[in-house]
Each structure stands twice: as structure tokens, then as C-alpha cells.
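Structures for review follow.
Two complexes, one shared chain (chain A), two partners (chain B, chain C).
== the complex of A and B ==
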């Protein structure tokens, strides 16, 4: 039973990261009808930013977090201004190809700047473990879970009560009406990209102590998070998070219980098996956007 | 050039969808405080004229002036800020936001006191203020779209076929509201309609649009009396003159 709980917790922790990336997918998709396939690579950038800022700031973790979040927000805003605004009105498929290309560029640039060896950073909690009865909890997993929880609450309040959150929802629900009401749609889209990159940055910060930062960090992450977004219905942030959690837990469980039995790494593609099953029995995803939707 | 009482003046605009010309040389004027209507069949280019004024489409030629200022090609949100509200065709609301959130989005600087004004015109919206706009009936959504425009405290409201798909009773209600808004809020109105009967009762001056051109313009009194309008827009037949439109036969517009 202890093992099960421990597996469950580390599954939830991995799932939180998938969920955060999936939220970024959904956020951009709902506003622009484009899937941003570079979302995972934004997480990688966030991880490298955290490492670098932490070095510059002599290991001041919290300051590095603040700087990373700000840098990612600016980056997201800039990417929209410089790249995607020019592509407004182009077919979604072309824009999608550009996001894939952007991913390649980000990985290459990261490789040139930081090299290909994994880099880690020290955090106040890096190697701490919480002993609780019989089992040991790695604090870094708990930090991921609490970090995601806090961010989700902030996002909920942001979309529920802030004027910008409201306009972002409006733009994603009916862009034409948003123009008619006088919402500066282009600026709101840039802010949506900023928010999406910020979420990726937070995921990067949370991921560094576990996986370190390296240029390919976001690749597999992005693909699995994409599966998570579809499992969650691709229509709501809570759905995306739930999809992520589901896939995280599933992976962890299959890795421990099924892989040794089959002597074969099923866990590596358990996410896609779940995706296929969900698409077969419930093609609209677990949560449909007509019933519940936040952005 | 412009008289001081001219609020909106559209000069000779031409607007295209790619290679397809939708509006070819339309001019119209809305005087301060007036209700002006643009009539025309489906596909005549009425919606395109409104979209061009609202900055949602860029005219290939021509100019739009509002309160003497050239607003041609300005971003749509700036045009709204100058005081032009647009109630688009087909009740475009934000379906998953509540009625009140929809209204709040209309207000430019989050002036919530405006809500009372809107609720006074549409008490039903206050009743459903917490309900998702997607669950409102068609008529209520139209009211919501009008209320959202009112939230902007505009100088001019452009209505795009507000009567479309509504019951005769609701059409009557909406037309009364439009008249009230015009007098009580001193808002000028540009009313695009296919429902000529309603529009000619509400408005003082009218333009008739056909295939992207203005083929007739006059006071609504004169338009209502014209045999062409009677036959083709009010559905009243007169013996012997069925068939082609008279202005077409006579080619009076060339």
C-alpha cells in the first residue's frame, strides 16, 4: 500500500507538469485555433532561464523564479508580436507548421547557448525528503504539486474576476464579437501568448530539480502533454490539468506494475494507449467544452 | 466640407472579399440625432458596409468620416472608442460568459453604473444576469447585443438586421427600443434591415442597396410611397407592373 501511495504521488507530480503544458496548449488553441507545438520547448527554455538566473543571482532561488516568470512572459508576448501576428488569417495548418519550426529553432538555439549537457540548479529543497511514517516523500515532488495547485488557483481567480481574464475568455469564445465590442483583440492575443509562455516557464522551474535542463527536455513532454490535452477534451484548463494527472499516474503505475511483468517498456507509450482508448469510447474527451469551459 | 450636423459620412467606399467586390461605391450620411436605414435584399452588401465603417474591413477606395475626423482604416477598437457601436448580424454574444459579464465587456472603462441604464431598457436581462448568454433565447440574445452596445455610451449605434428571425411581437418591441434609445440617449442610429416595413417606420431617411450600389435614397416617407419599394420591399403588388424593378427598366441610377 505504501508503494502504491508513493507511486501515486510521484505520478501526480509528473502529471502536474503534463497538465501545465497541456493548459498552455488549450489556452492558445482556444484563442487562435492553432496548436502550439513549441509549448514543450518553452518549458525547456523556462528550465534554462531558471538555471541561468539562479547562477547570475548567486543561487537566490526566489529571485530566479521571479526573473524567469517575467522573462517567459516577455518572450511569449514577443513571439506573438514578431511571428504569429503576421500569420493572422493564414490557414491554421500553416501556422501549426510554424510552431513546429519554432520548436526546432528553440532547441537549436538552446543547444548553442547552453550546450547539450544537462544542467541543474540548487533549490532550497533540492534533496530534502519528508519522512512520514514508513514512507519517504521527495520534497521536490510535493513542490511540483503545490506549485501547480497555487498556479491553478491564481489562474482561476484571474479568469473569473480580472478584466483581462474576462477579455481573454471573450476573445476565445467569439473573436468577431470581441472586435465589435471594441476589445483590442491583437493585444489580448499577445497577452494570451504571454500567459501561456509564463505557465510553461513555471513548469520549467518546477521540472529543473527533477530532470535538469537540456535542449531536448520539452520534446517528449510536449507530445505527452498534447495527449493529455486531448484526453481532457481540448476545451478547458481544468480538463487539461485532469488529463495530465491521469497520464502521469498511469505512466508511473505501468512502469512499476506492468513493465517488469512484460519485461518491456509499456509505460513509455501508455499515454498514447490511453489517448486511443479515450478517443474510441469518448471522442469529445473527458470534459466537453460545452458543459464546462474556462477559456 | 462637412456640415456641422453631420455625424457619419461615408464617401464612395469600395470593399472586396479577396477578388470579390461586395460594395462598389457606396456613399451615405447620418446626421446628428437621426435614424437612417439601409435596405436591401440578401447579399446586397449591407453587412459589408457596416463592417467597413466599423474598421473590421479595409476599403479599397473611399473614406469614412466620423464627427469630421477621417477614420478610414483605423483599428476597430479605436473606432469603438470614438463612439461607434456595432450590433452585428446574428446576435454575436459570448456564449459561456454570463449575461452581466457580456455587458461588462461592452463598457469601455468598466463603468458599472451603465448597467442600470441597460437593465431599465431590458428588465429581462437583469432577471437572467447570472445565466450564460448561450442559454438565452434568440430575442434575449439580441437584447443582450443591443445592451452591450449601450454600455459603450456611443454617439452612433449601427444595427445589422436586428429583426432577423424574431417574432413580429419581438420585432415591434425592438423597433420601439431603437426609437427610445435614439431620443432618450441622444444616440444617432444606422439601421440595416431586410424588414423594410419595420425600418421605414422607425427611420427618417433611407438608402436602398442593390449589388453593392445605392440605387435609391430618400426620406422614408417618400420611399414608402414609391411604387418600387412598395412592390419589392413591402410586398405590395400593383397590377401591371410586376417583373423588373422600375428603376432598372428606366435605368434611372446610371
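== the complex of A and C ==
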């Protein structure tokens, strides 16, 4: 039972990261109807920023976190302003191709700046473990879980109460109507990109003590998070988080219980099996918030 | 109140609006008519700043609004409804009316998230305005209904309500009676008159229903192929030879 709980918590921890990246996917998709395939690479940049700021600030973890979040927000805002603002009104498929291209560029640039070797970062909790009888859990996993929980609560309050959160929701539902009630749609879209990049940055910060930072970090992560977003319904932030958690737990469980039996890495593609099953039995995803378009 | 001065707007080689000039006076219910493709909705889209004019100017009283952003139009006191209804479909009627008051917010991120003091008083004020509009348009039974699930006629009313929540001085309406049955069109005529007279809102509406226009419009502009044909009372315009020719082609 202890092993099961330990695996479950590890799965939740991994799932939180998938969930955060999936929330980034959903945010951009709801506002612009474009899937940002560079979302995983933004996580990679967040991880590298955290490592770099930590080095510059002599290992001051918390200041590095603040600087990383700010840098990622600026980066997201800038990417929309410089790149995606020019593509407004273009077919979604063209914009989608640009997001794939952006991912390639970000990986290449990260390789040029930071090299291709994994870079780790020391945190106040790097090697700490929580012991409870036979039960051992790395504190870094708990930090990921609580970090995600805190961010989710902040996002909930932000979208429910703040003017900018409400305008983001309004823009995601109807840009014409948003213009008519005086919402500066273009600025709100830029802020949505900033928020999405910030969430990716937080995911990077939480991930770097576990996986280190390297240019390909976001590639597989992005694909699995994309699956998580679809499992969750691709229109709902709680759904995206739930999809991420499901995939994280499933991976950990299959890695421990099924891989040794089959002598085969089922855990590597368990996320996609879950995706196929969900699409077969509930194509709209776990939480439905998307609407059919009336023509 | 609203002046269109020599407005021209082209899409490729097609001139949708061609050197159009007219004045809408304060208190008018000003209707724009014309056959399909005459450029009527383009005129509204120019006023809403969804389109840029190639030439000409738009003045709202002393403000030149020809080049302001589309989102700044609402702040100038211009509200808009659409032929096919553009609402926040996943929100309730009440939430649509509350979102519309966005431009009147004076709070900041911190007070909004903590929901104290000014934010609380502001929310109460917005709710009062929304309830007043709900009463005016008899939307009480739909207050908490998600707008996407409502019948078309009700959604049209909600859109008018949302426009009123902006507290506008000018209301642009694009074919308000399209898709409505005769009873709903009859009611619409009353709402338009009430909004114009009781709330002192000047109205510019693109409309096809001549009986509605004859009942509520104070002045009518007829256009064809982007150009002005005539301006006058509904009766004068209806009997104008160029208008008859544009509609009947004879």
C-alpha cells in the first residue's frame, strides 16, 4: 500500500507539470483558436532562465523564481506583439505552423546559448526527503504539487474576480462582442500570451530540480501535455490540470506495475493509450466547455 | 451629433462605400436602407472602427473618431448590435450585462481580487444598472439563463440590453428585426422608441422592414452601390424615384 501511495504521489507530481503545460495550451487555444506547439519549449526556456538567474544571483532560489516569472511574462508578451500580432486574421493552420517553427527556433537558440548538456540547479529542498514510517517522498515532488495548487488557486481568483481575467474570458468567447464593450482585444491577447508563458515558466522552475534543463526538455513534455489538454476537454483549465494528473499517475503506475511484467516500456506511451480511450468513449473530453459553432 | 464626411471604403476593386456624407442629429432614429450589397453594414462597421475608411472623416460631436481603435469606440459612448447577434454565449444574461460595464470600472487588480471597498460598491452599482436594463427589456425570466441556449428573439434583446449597459449616447443597430416574428418586431419598435425617448439615446439602424422604419424612424437614408440616393422622412424616401429604381430595377 505504501508503494502504491508513493507511486500515486510521484504520479501526481509529474502530472502537475503536464497539467501546467496543458493549461498553457488551453489558454492560448481559447483566446486565439490556435494550438501553441511551442508551449513545451517555453517550459524549457523557463527552466534555463531559472538556472541562469540562480547562478547570477549566487544561488538565491526565491529571487531566481521571481526573475524567471517576470522574464517569461515579458517573453510571452513580446512573442505575441512581435510575431503573432502580425498573423491576426490569417488561417489558424498558418499560425499553428508558426508555433511549430517557433519551437524549433527556441530549441536551437537555447542550444546555442546554454549548450546541449543538462544543467541542474540547487534549491533549498533539492535533496530533502519526507520520511513517514516506510514511506519516503522527495520534497521536490511536494513542492511541485503545492506550487501547482497555489498557482491554480491564484488563476481561479484571477479569472473570477479581476477585470483583466474577466476580459480574457470575454475575448476567448467572442472578439467582436469584446470590442463592442470596449475591451482592448489585442492587448488582452498579448496578456494572455504573457500569462501562458508565465505558467510555462512556473512549470520550468518546478521541473528543473527533477529533470535539469536541456534544449529538448520541452519536446516530449509538450506532446504529453497536449494529450492531457485533449483528455481534459481542450477548453477547460481544470480539465487540462485533471488530464495532466491522470496521465502522470497512469505513467507512474504502468512504469512500476506493468513494464516489468511485459518487459516492455508501456509507460512511455500510456498517455497516448489514455488519449485514444478517452477519444473513443468521451470525444468531448472529461470537462466539456467548448461549444459547437453555429453556421 | 454624428457626421460622416465624404466616407469611402473599398475592398480590392469594389467600392463598398463611395463618398458618403450625412449628418445624424441628436435624438434622431436614423435608418439606413438599401438593397443587398448597398454598403449599409459597411457604414456601421466604419463607425464601429472594424473597417478603416480609405477617405473621409467620422465626427462624433467634436471628436474626430476616424482613426481611433475599435475598443475605444465604446468609451466614446457608441454601442452596437449585430444582425446575427454577437454575445458571450457561455455566460448568463446577467453576466453579459455585467461584462458590458467593463469600461466603467475604476478599481485595480488588488481591490478586485480581494473584493473590498470600492470593488464591492462598484459591483453593486453594476448589478443595479444590469437589473434596471433587465426590467426595461422584460428579461427577468432569462436573468440566469446561458445566452447560447436562448431563442434568437431573446438573444437580440439581450444584445440590446448589453449595449444599453454601456450607457451610450449613440446606438448602432444592424438589422434589428431580422429573424424576428411579427410580434417580436412589433415589440422591438416599442423598445427602440423607449430607448430613444426615455434614455435619450440617438439611434442609427440599418433595416429592411419598411413598416418598422415607417413607425419609428425620424429620418431615412437610402443608398445603393455604396452611394447616397436620398435622405428624408420615411414617406419621402419610400416614394423617391431613385429608391424605387434601386429596389425594383425599373
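Following the convention adopted for this analysis, the second predicted complex is superposed on the first by the 289 of 295 C-alpha atoms of A that agree within 3 Å, B and C clash if a C-alpha of one lies under 4 Å from a C-alpha of the other, contacts with A are read in each partner's own complex, and residues count from 1 in each chain.
Going forward, a residue touches a chain if its C-beta (ideal position, glycine included) is under 8 Å from a C-beta of that chain, and two chains touch if they have at least 3 such contacts.
These numbers come from a predicted model, not from an experiment.
If you put the two complexes together on chain A, you find that chain B and chain C bump into each other. For chain A, the partner with contacts to more residues, out of chain B and chain C, is C. Looking at the shared chain after the overlay, A:162 reaches chain C, while chain B stays out of its contact range. When the two complexes are overlaid on their common chain A, residue A:181 makes contact with chain B and with chain C alike. When the two structures are aligned on the shared chain, A:170 is found in touch with chain B and with chain C.
In the superposition on chain A, no contact is made by A:142 with either chain B or chain C.
In the overlay built on the shared chain, the residue A:286 is in contact with neither chain B nor chain C. On chain A, the surface touched by chain B in one complex and the surface touched by chain C in the other have residues 163, 166-167, 169-170, 173-174, 176-185 in common.
The residues of chain A lying in touch with chain C in their complex are 157-158, 161-164, 166-167, 169-170, 173-174, 176-185, 289, 291. On the chain C side of its complex with chain A, the touching residues are 48, 50, 69-75, 79-80, 82, 86-91, 99-100, 102-103, 105, 107, 109, 112-113, 115, 148, 162-163, 166. Residues 163, 166-167, 169-170, 173-174, 176-185, 293 of chain A touch chain B in their complex. Considering their complex, residues 54, 56, 75-77, 79-81, 86-88, 92-97, 101, 104-106, 108, 110, 148, 152 of chain B touch chain A.
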